[in-house]
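One chain, subunit A, links the two complexes that follow: it is found with subunit B in the first and with subunit C in the second.
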Partner chain A sequence: MTPLSFGVALVAFVILGPLLGCFLTGADRIITARMQGRVGPPFLQPYYDVRKLLAKERRSLNSFQGYYLILALIMTILSGAFFFAGGNILLVVFLISLSSLFFIIAAYSTRSPYAEVGAGREIIQVLAYEPMIILLGVFFFLITDSFDTSAVASLELPLVVALPLVFAGLLFILTIKLRKSPFDLSFSHHAHQELVKGITTEMSGRSLAVVEITHWYENVLFLGYVGLFFVWAPPSTLILAVVVALAVYFLEIVIDNSFARVKWQFMLSWSWIVSLLCSALSLVLLAVLNGFVV
Partner chain B sequence: MVILASLVIVPLITALLLLVFRSNRARAVLVIAAVVLLVALSLVLTVRYLPASSGFAVAQSGIVSYVMLGVDLLCCLYVLYRGIRASNYLAIFLAALQGILALVYEFGFSHNAAVSTDVYVDALSLIMTLIIAVIGGAICVYALGYMQSYQEHLEHEGSRLAVSGEPSRVAEALRLIRDRRHVFFALMFVFLAAMFALVFSNRLSWLLTAWEVTTVCSFALIGYDRTEESIRNSFRAVVVNLSGGLAFTLALIMLAGGGTPIFELDKLIEAGVDGALVLPLMLLAFAGITKAAQMPFQGWLLGAMVAPTPVSALLHSSTMVKAGVFLLIKLAPTFGWNVPGLFVLIVGALSFLGCTALAISQSNAKRALAYSTVANLGLIVCCAGVGTPEASWAAIFLLIFHAAAKALLFCCVGTAEHHLGSRNIERLDNIFVRMPWLASCMALGMMAMFIAPFGMLVSKWAALVSLIESGHLELLFVLAFGSALTFVIWAKWLGKVLAIGREDERISTRVSRTETVSLAFMAFLLIALTLAIPYVSELFVMPYLWETGQILQLPLWSTASDVLGYDNLMIVSVVFMVMLALLAVQILRRRPPSNDTVYLAGVGADSEERSYYNAFGELSDATQRNWYLDELFGEKILVRPATILLSAVIAVFFIFGIILELMLV
Partner chain C sequence: MSESVKSPWVLHYDASSCNGCDIEVLAALTPLYDVERFGIINTGNPKHADLFLITGSVNERQVPIIRQLYEQMLEPKIVIACGICACTGGVFKECYNTLGGVDVAIPVDVYAPGCAIRPETIIDAVVEGLGILEEKRRLLAAGSLEPAELPKQPSAADKPVRGETVAAAWQKAIANALQTAGQEEQ
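And now, the complex of A and B:
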């Protein structure tokens, strides 16, 4: 990753990230509506929503919440830029954790009972998905001998061939990261399974718009993770990656509409079991493939 | 050489003066002057010797050896005396055995041995010197104000007891009231002197003496309050650390009695690299593990928090436990895929995972900090056990940044405890409104413990990479799950500290000036270190690795490049600058006051107070307790199995070590 490639990726991600994220959410809302037998909103409804939020009167409990949310947004943008510029995959993970932390602090800063419940649940969600994300970086290195995401461009076979189980583990925790039911514990897009509004209870107007935009960026970044498993040397494979990422997103929508929210104990224990099993078996698989026994 | 000697002598003289001049004013002048002098000396030493390492022979080393032996025996006698008074037979036994073995070692082997290098300086001992002088010094200055209000608190308690009128109570009250702060400060400085001696000694018998002095200083400081609990805990600490010291002495005797007698640290490491030593290395590693409070010995460090907070700050950041990991990092070149290496690595890794989980369940701020210390030291120990230059890089980085962050955190918790009257994390409520700058320092310290772009995260990142490169794939699980657990400890606590509740009285102004200044200094130091991450690596850590590689003729070490790459370190530094810039914007911005009310589901009574009408129409406060996940990570669930498991690990490894040693002979 050179400063130039980072600069290009940064500009591209800043502009294209929310566009794609907005379109994804728009499609999500229409597909979800159709699954539920409704017509659904216009495709650009997420954009209209955010525009309206931005125009609302500014109300906040303190002057810090907005600041933390902006920091969360900036860290997400930075990590996405590093990811798509071919930067260090662990750095991407750490910046995403930083972004999550600021989001959590933003909720805690209000000292609001409902927001605190949401923030506590968000922490449990981080606890659930973080190990798999870190292990994914490790396996990435074991295959490509580099931590730079750009290393996939010199692979002869896609990562998914060598690491099918790691990919499965990623899919499992992706539901948490994309905030899809049954793992949308900290706040849900579905009104029917939310007590108040979880972690975003005290966020309104501009703050809520920032949260929404951050979420768009995050969705694109994590679909990028999915795509990473399907890119190898020929540049045309990028198209395959995009198609698979979209298919996975569709799968997540199906899951979202098929399951009711679970308790945190279920989410935590199954995420850890799946992460542990997937990575341990992957290690064994790699050892067998490499023809040596650890 | 003169600077080396004065770094040990200046704190000792200060300690004596502190015992003589007992007024508050004289104490403040003495402590501040001594700390400034120590910091200046350590800076001069750094400029003078960095990056090369040099060794010196001490003229009249025989006399120094006698003095050192005398000090060691005094330490043993002191523990004996206290042990007899408290009828603690284990402590008596260990202290007596220690004294006898020290005599045997000195006169049976060491005294007339030809030693070419008595003391040395290298980049690692310079790093330690700076940590001891700067962070240890800041804690001593902090203690000035802290102990003032601590003494006032004791006197308050004492007078309350005295008023109750019972004769037995009155005696206790008088004992409580007695001002022994001169002893406290003298001990703090002896501690610093012992630490300096420890990082410069190449002659093993001197190293042993310094090691024992830190044990006894911590013993005396933990028992400072003279309450039943503090005496019990101080004995727990001294028993564990004397066992470590005993292992240390046994190792020295084995080394001296071997085919080619070894009396020097550098020779020991050389022999260890050649694979000629197994059991002595394991014994030394055991000593390091006890001092670093690794599981199953974590109990002594947790018990140590009964002492006044500056003691905890000192024990956790710049002295004591750091002596343990310092020794292990020094020995790191001898570790790797061998029995001692795996022993150290497994104990460290399990301590990291176990204590991280345990820290989540703690609502007592000091206990949570203590578990987090053991966990982080576990990671350092684990990295030392891996034995590659990359892992050592990570270990040294962890050592530096842990010292800076933990000192700040302990001091913050101490001040908060004095002014809010509780060390319970839940009682920190609204601290951001009541003591905004203290809450900010605390938040800084917490973030520095676990998140990008701070040093601890960078070190963990490096640890991860070095573990992969050295083929320890099983440990990656430990690190991945451990990191996620770490996030929970700090994120929930951070949320508590940064919460902004109702308008409340500001009480920051009541904090004493020395406390404020040293807290601000420690926060500044942490920020500066974080900004300078690439330079810390280039100027201090890498030179140490290269030097070590050249001296020991280890090609991997002498050509090591930093684990993460200079570019990534720079990126981290830049990310931090972005954060600081945004922080400045937030501070400078004109802040709109709160113009909204908190959501209380339509039955809210008072938004400021977070109160509402409950189902009976009565007024209730909406309160929220943090998650402690007791049913998963509680002490009741984890401590026992972890203790059994780790004791078994240690036992099995020592059996292996003894068998191997017999085979070598």
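And now, the complex of A and C:
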């Protein structure tokens, strides 16, 4: 990754990230409505929502909350820029963790009991998905001998062939990352299963708009993780990666509409069981493929 | 049409009454009427809401709750009184414990009658309210939106019933009872 390629990726992600994220969310809401036998909102509804939130009166219990949320947004943008520029995947992972951290601090800063419950649940979510994400980086290094995401461009076969179980583990925790049922513990897009409004209880107007935009960026980045498994040497495989990422997003919408929220104990224990099983079995699989025992 | 009109988020609160209107509010949120077509989303959080739908007549206990919910909502916001009880107090108007419609507690922008209110009337009332919401948004952007004045803290004792206040009626009744008791003793 050169400074130039990072700059190009940064500008492209800043502009295209929210566009794609907004379209994904808009499509999500229409597909969800159709699955429930409804017509659903206009395709650009998420954009209208954010425009409205930006025009609302500004009021906050803690004047620093807005800065924390802006920092969360900046960390997400940097993380995405490093990812799509072919940068270090560990840096990507830790920057996005930092973004979650600022989001949690923003919720705690208001001292509202409902926001604190949401923030506590967000911490449990981070605890649940983080092992799999870090193991993803480790397995990435085992296959490509590099932590740079650009290394997939020199592979002869896609990562998913060597690491099918790691991909399965990623799919499991992706539901947490995309904030979909049954793992949407900290805040849900659907009001009917919410304790006031979870971690976003005290975020209103402009702050809530920043949260929405951050979520758009995050969705694009996390679907990028999925696409990473389907890119190898020929540049045309990028199209395959995009198609697979969209298919996975559709799968997540189906899951979102099929399940009610679970308890945090279930989410935490099963995401750790799945993460550890998937990575242990992947090690065995790799050893067999390489013809030796590690 | 601006974005505030395209994305009104709803908070609903059921004050004291038969609850029929609140069930109709929920009916309007079901797939049959599918209000999300207009970008309407039901939220449980006053800080995210633009529309405040209230059903039922208001009694003294509910005034602080309704006022708190109203004050937690951010401008631009509008209040819709859903059903005849929320508009005027309805059949409960002359009960000793009710104060009247929602407008005894907070300023109301749209009055939607009905007993129980029909989901179609609720949707009509929301569409009517969106014009007011847009007007408030323009005023807020121009910096000239005056915060709506809350009505004076009402009390059930001062409520006029058949020409006199409840407090006066009680005083008269007690005086009568004492007089009768005095006559019996003699």
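Following the convention adopted for this analysis, the second predicted complex is superposed on the first by the 294 of 294 C-alpha atoms of A that agree within 3 Å, B and C clash if a C-alpha of one lies under 4 Å from a C-alpha of the other, contacts with A are read in each partner's own complex, and residues count from 1 in each chain.
Assume a contact is a pair of C-beta atoms (placed from the backbone, for glycine too) under 8 Å apart; a residue touches a chain by one contact, two chains touch by 3 or more.
It should be emphasised that the depicted structure is a prediction, and the values quoted were computed from it without experimental measurement.
Contact with subunit B, but none with subunit C, is seen for A:Leu276 once the two complexes are overlaid on the shared chain. Of the two partner chains placed around the shared chain by superposition, subunit C is the only one that A:Asp49 touches, whereas subunit B remains out of contact.
In the superposition on chain A, A:Val8 makes contact with neither subunit B nor subunit C.
By the document's definition of touching, neither partner reaches A:Met35: not subunit B, not subunit C. Set against each other, subunit B and subunit C touch different numbers of residues in subunit A, with B touching more. When the two structures are aligned on the shared chain, A:Leu208 is found in touch with subunit C, with no touch to subunit B. Looking at the shared chain after the overlay, A:Ser63 reaches subunit B, while subunit C stays out of its contact range.
Of the two partner chains placed by superposition, A:Leu240 touches none, neither subunit B nor subunit C. Within the superposed three-chain model, A:Ala27 lies out of touch with both subunit B and subunit C [touch as defined at top].
Of the residues of subunit A, those at positions 59, 196, 201-202, 204 touch subunit B in one of the two structures and subunit C in the other.
Across the complex, subunit A is touched by residues 2-4, 6-7, 31, 34, 36-39, 41-45, 47-48, 50, 74-76, 137, 140-141 of subunit C. On the subunit B side of its complex with subunit A, the touching residues are 429-430, 432, 447, 451-453, 457, 461, 464-465, 468, 473, 476-477, 479-481, 483-485, 487-488, 491-492, 494-496, 498-501, 568, 571-572, 575, 578-579, 582, 586, 589, 591-601, 610, 622-624, 626-627.
By the touch rule above, subunit A contacts subunit B in their complex via residues 58-64, 67, 70-71, 74, 78, 82, 88, 90-91, 94-95, 97-98, 101, 104-105, 107-114, 116-117, 119-120, 123-124, 126-128, 130-132, 134-135, 138, 141-142, 147, 196, 201-202, 204, 272, 275-276, 279-280, 283, 294.
Remark: subunit A residues 29, 33, 36-42, 45, 47-49, 51-52, 55-57, 59, 191-192, 194, 196-197, 200-205, 208 touch subunit C in the complex.
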